[in-house]
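In the two assemblies presented below, chain A is common to both, partnered first by chain B and then by chain C.
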Partner chain A sequence: MSSGRPMIDRYRWYEYVAIYCGMALFLTFVLAPFVEGFLVSLKPLTHLFSSPYRFWPDDGSFDAYFTMWQSVPLLGRYIVNSLLISTVATIAVLILVVPAAYAFARFQFRGAGALLGAFLAVNMFSGAVLLIPLYRLMRSMGLLNTYFAMIVPGVAFLIPSAIWLLRTYMLRIPRELDEAAWVDGASRFYILRRIILPIAGPGILVVALATFIGAYAQQFIFALTFNSKSEYMPLAVGLFAFFGKERVVWNELMAASFVGIAPVMVGFIFLQRYLVAGLTAGAVKQ
Partner chain B sequence: MSALTLSRLKKSFGGTDVIKGVDLEVTEGEFVVFVGPSGCGKSTLLRMIAGLEEVSGGEIVIAGKPVNDLPPVKRGIAMVFQSYALYPHMSVFENIAFPLRVERLGEDEVRRRVGEAARILQLESRLEHKPGMLSGGQRQRVAIGRAIVREPRIFLFDEPLSNLDAALRSDMRVELTRLHKRLGATMIYVTHDQVEALTMADKIVVLNGGRIEQVGTPLDLYHRPQNRFVAGFIGNPKMNFLEGRCTASGGSGVTVDLGPLGTIALPRPGGAGLVGETLSVGIRPEHVRLDAEGGFRLALKPGIIERLGIHTVAYSPLPSGDTFVALFEGDPPVKDDEEITVSVDPAACHLFDASGAAIGVPA
Partner chain C sequence: MTGSRGATLFALALLFPAILYILIIVAYPLVDTFTLSFTDASLRKTVKWVGWANYQKIFGGDFATIIVRTFVWTFFSVAIKMIIGTCGAVLLNALVPGRALFRVLTLPPWIVPMAIGIFMWGWMYNGQFGMISGVLQNVGLLDRPLAWLAYGGTAFWATIITDVWIGVPLVTLYLLAAIQSIPKDLYEAAWTDGAGRFYRFRRITLPLIVPALVTMSMLSLIATFNSFDIIWILTQGGPNGQTTTMIIDTYKTAIGSYKYGEGAARAVMICLFLSVFCFFYFRVVSKISTGEAK
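After this line comes the complex of A and B, so read on.
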């Protein structure tokens, strides 16, 4: 059999069957909620409570995608808030993490190992455990109901894993590059700016994307706790506006979810190849 | 004039002494090679001169100025690293220009100096390429170019040829020697390869266990090793050492009883105190003759024979369990497991006492 594949990548037919069955099962679990969510967004509301329930919308339409802007006028604002909070958090994390990761990758100082261990430990606490202390802190500092309250705790929880990720990447950059630049008279900051940053670019992009996702996902809990102003709400909390007194407007809720995620999804489709390249490629090929 | 002076230089990592007191004088324009087995401290010594390692004791003086506490850039040195340490995201031009950019030199001056370096190193057609597109030898030259533009007093090379394949390595050896002649600069070169040391150096510094074993010209070290370590390290294949007991010693010669191998009388003055001591006789494989009459005769039964065309190397087991290596020119009629008798001129043999120090010098 000369399929053109290297021998190590060749399988027997039953191995292929098993591999594809496994993938199908896995993808069903991952994707089914999205498919069902999308189908729901197409159905008229009355249809949703009909019995027997039908998955396929016979009289589907995109009406919900238009009516949702009227029933929740602030929806656009929520989407912008979500992106704003995540973007600011990502920028803040990068500004703090790049020099920190460089320091952890290059300097030997007392407590470096303990500090890195502590960062891992922080990841073991979910934000939820610390919500009440954080709430009291925010209240006494008068920071409740601000963007600040939703961004800063998020940043704090995102920094540890970002440092770990970027430090690992920077460790793969040969130390001799730093030494060569230093011998030539470059300062530490010059080395960081001119040598390390460009070479670590793909790694920084990976950290930025991971942080953005993290910030997007965790903003719900902070927004729910620290913010009661509807103008500042991110999408995840803003969607509660579709929960009416008597009924939940499921189709519009789903439509709003998809529209809210869309910008992030599109961004990811474009950046995905950098993400994979950054995670797999060696920093410097000799 | 002295370009570099090391005095009582020491370095320890934690509790371990890596450099145990090194004194060395390097003259302006010299090509000095630090050579030694891995872990002997040669790279550490170079990095101390560069300013990449702190000095634990002693002093480094470059051009009359103590530099212990100066950063590398103020020492007037430039260094070429083993991995070349080229910046992968910069073009060849920017790689070579890097030290000048750090210095914030004007664009015209940068172009002039990089152009000059590229001309010397024949990199002119490669200036816009990225290092990833270059061959090993070209990368090596870019790394050297980055050192040249600094116009340093001393060039430091840390095993710069060890990443190249054998053919390219001998080309680069010639190129580096040519470069040294052309620039006339002081160069310090670290290697574990004695061929590089012997072919390129004006002066070789043999290091072992953090100490200097011997300093001298390549032929000095080859002909007159001061101790057993240098004798065994310089020369390829390695020198044979035969252990024996001194039976007679005087103004006219030293006689050593080699047990089952016989007795050898070396014509060189020895002290009377040597009688009864354990000595080792050093015989270079290339001094072993098949055809000659007279001399010290030795019966060998080669187990393995390597035929290289120009040379033939025979490995023969000795009664002591060691292997005796003999190197013959051309393709002599020796066969595996067939006994041969060889002869050695006793005057050409080396002699070392129990502590490893050389006794006299071969004629």
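After this line comes the complex of A and C, so read on.
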């Protein structure tokens, strides 16, 4: 490496070998299912069910990517549903969380600590624990088998982390800014809208991204239990029906999975920088 | 501007929508779970108060086994996540070419819908044609195909590994952030004194990321204890109930057999354990943050 680097950061050749070998092992674990899943999507079904096992498809083709549209006719719907559910959930979370995070970051009132603790305690329950009463609640609100049955409960469990992350971000905005505006006679609401929100913009973006991914990656149990209409199903549940069949058509299932996650993966490639930076910053510095 | 009555009212007004939402969607169902657990609620219209009958019933069964199994499953999953996460964080922290790319490549399991990742693992565990069995046979570690999800013992570990896989990206990134917040001069001082790389890791990195490790373990513990998707998709709690954890057991009772009352009693038991974890979590976090303030 460059000679300008301090000695402490220089590695000997065997250290390089060790680091890259370790990295290769680590990334193999993380990425193997994707690689294998992709190769499976290329293999013809007859070849797939043949022993002995062969890693590389020697007669690979993209056929499954065309035939799957007959087997999973609603795939396009599932993809849109997934994105729609996550987007609406993210917007709802932001509407609830931005004012709440501001309140926690800027105002000292009695019980503030306990209240923040109560919000964080919500994190300990998953939807699965409260499924029975939530099912009854959705039924009495008339939301079963609608998009809202999947959005409304999901939002509640996304609120705590979002509050925590955004509060952390807002705490770093210098108090002098809003105090100066307050002295100049600006109203509290004006300060929130014209001073805090613009400065907290990047933080809100990170929270929005993290919330979106949470909403997107975890949409399973509510969609499985509270909705039975295929046209409203998100990707995961739509394909689960396909997965649960007696004979799973693996190559088409994998092809549908890859097409299904493609939009989010493309978005991730563009936004990964914000995600990595934002999440780690919010996680450790308090 | 802070502390005055107007400020407090304003803060409460800002918090009101979020509080109301949580009260309706989390607090009310929580209370409802407790109430339901003392009834025989089911698909029938009539609901009768049955006192402790549901609790007597579940403890008459194999509930103790399920609790122990849940704890073992959770313990190994969290422990393996922390070990792999620490190794991953140390590797990603190394100043080698390509590390920005490696960091990005760590994230996909967390980005994709969990269920999709689990489908892929479902195939990997396939006995006749899956990757793991296939590769192990090619290497010579297995002499015949092994269907990982068909036997209780292997299915138990298979579901743990998949849970680890889903959890590792966040643990790794979090620990990486913790490592990066360690002041550089500590390492330089040790280096000047002739301390080797491993020594610096053991004596500087490891002790200083302990708070982050503890916090992450607690958070991971709570999430793993609640884990549903992985087991439900891969084994539905089978074979022979050998991967049935408390969450799966509750789901089967309540949603599978429509025994809402008995399911609620099982859910209450989960809540009790979670409250204990949560109590320790807050204790630990407040201890760590006061420790840092000193």
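Following the convention adopted for this analysis, the second predicted complex is superposed on the first by the 265 of 286 C-alpha atoms of A that agree within 3 Å, B and C clash if a C-alpha of one lies under 4 Å from a C-alpha of the other, contacts with A are read in each partner's own complex, and residues count from 1 in each chain.
Keep in mind that, in the parts below, contacts are C-beta pairs under 8 Å (C-beta built on N, C-alpha and C of every residue); 3 or more make two chains touch, one makes a residue touch a chain.
Computed from a predicted model, the values in this text were never measured in an experiment.
Undergrad: Just to be sure I read the superposition right, which of the two partners does A:I95 touch: chain B = first, chain C = second, or both, or neither?
TA: It touches chain C, and chain B stays clear.
Undergrad: Just chain B (first), just chain C (second), both, or neither: which does A:I159 touch?
TA: second
Undergrad: So, A:W182: does it touch chain B (first), chain C (second), both, or neither?
TA: both
Undergrad: For A:I221, select first, second, both or neither according to whether it touches chain B, chain C, the two together, or no partner.
TA: Second partner only, chain C.
Undergrad: Touch check for A:V30: first (chain B), second (chain C), both, or neither?
TA: Only chain C is touched by A:V30; chain B is not.
Undergrad: Where does A:I195 make contact in the superposed view: on chain B (first), on chain C (second), on both, or on neither?
TA: Only chain B; A:I195 stays clear of chain C.
Undergrad: Is the number of chain A residues in contact higher for chain B or for chain C?
TA: Between chain B and chain C, C touches the greater number of residues in chain A.
Undergrad: Examine A:R172 and indicate which partner it touches, taking first as chain B and second as chain C; both and neither are also allowed.
TA: A:R172: touches no partner chain.
Undergrad: Taking the stated contact definition, name every residue in chain A that is touched by chain B in one complex and by chain C in the other, in rising order.
TA: 179, 182, 284-286
Undergrad: Spell out the part of chain C that touches chain A in their complex, as residue ranges.
TA: Residue list for chain C touching chain A: 1-3, 6-8, 10-12, 14-15, 17-19, 21-22, 24-26, 28-30, 32-33, 36, 84, 87-88, 91-92, 94-97, 102-117, 119-124, 128-131, 133-135, 137-138, 145, 165, 168-170, 173-174, 176-178, 180-181, 187-188, 191, 197, 212, 219, 222-223, 226, 228-229, 233, 247, 250-251, 254-255, 260, 263-264, 267, 270-271, 274-275, 277-278, 281-282, 289.
Undergrad: Which residues, counting only chain A, touch chain B once they are in their complex?
TA: Of all residues in chain A, those touching chain B are 174, 176-177, 179-186, 190, 195, 198-199, 284-286.
Undergrad: Residue numbers of chain A touching chain C in their complex, please.
TA: 1, 5-9, 11, 15-16, 19-20, 22-23, 26-27, 29-34, 36-37, 40, 48-55, 82, 95-97, 99-100, 102-104, 106-110, 112, 115, 117-119, 121-126, 128-137, 152-153, 155-157, 159, 163, 178-179, 182, 188, 192, 213, 216-221, 225, 234-237, 239-240, 243, 250, 253-254, 257, 260-261, 264-265, 268, 272, 275-276, 279-281, 283-286
Undergrad: Can you list the chain B residues touching chain A in their complex?
TA: 50-52, 71-73, 77-79, 81-83, 85, 87-89, 98-99, 102-103, 132, 146, 150, 163
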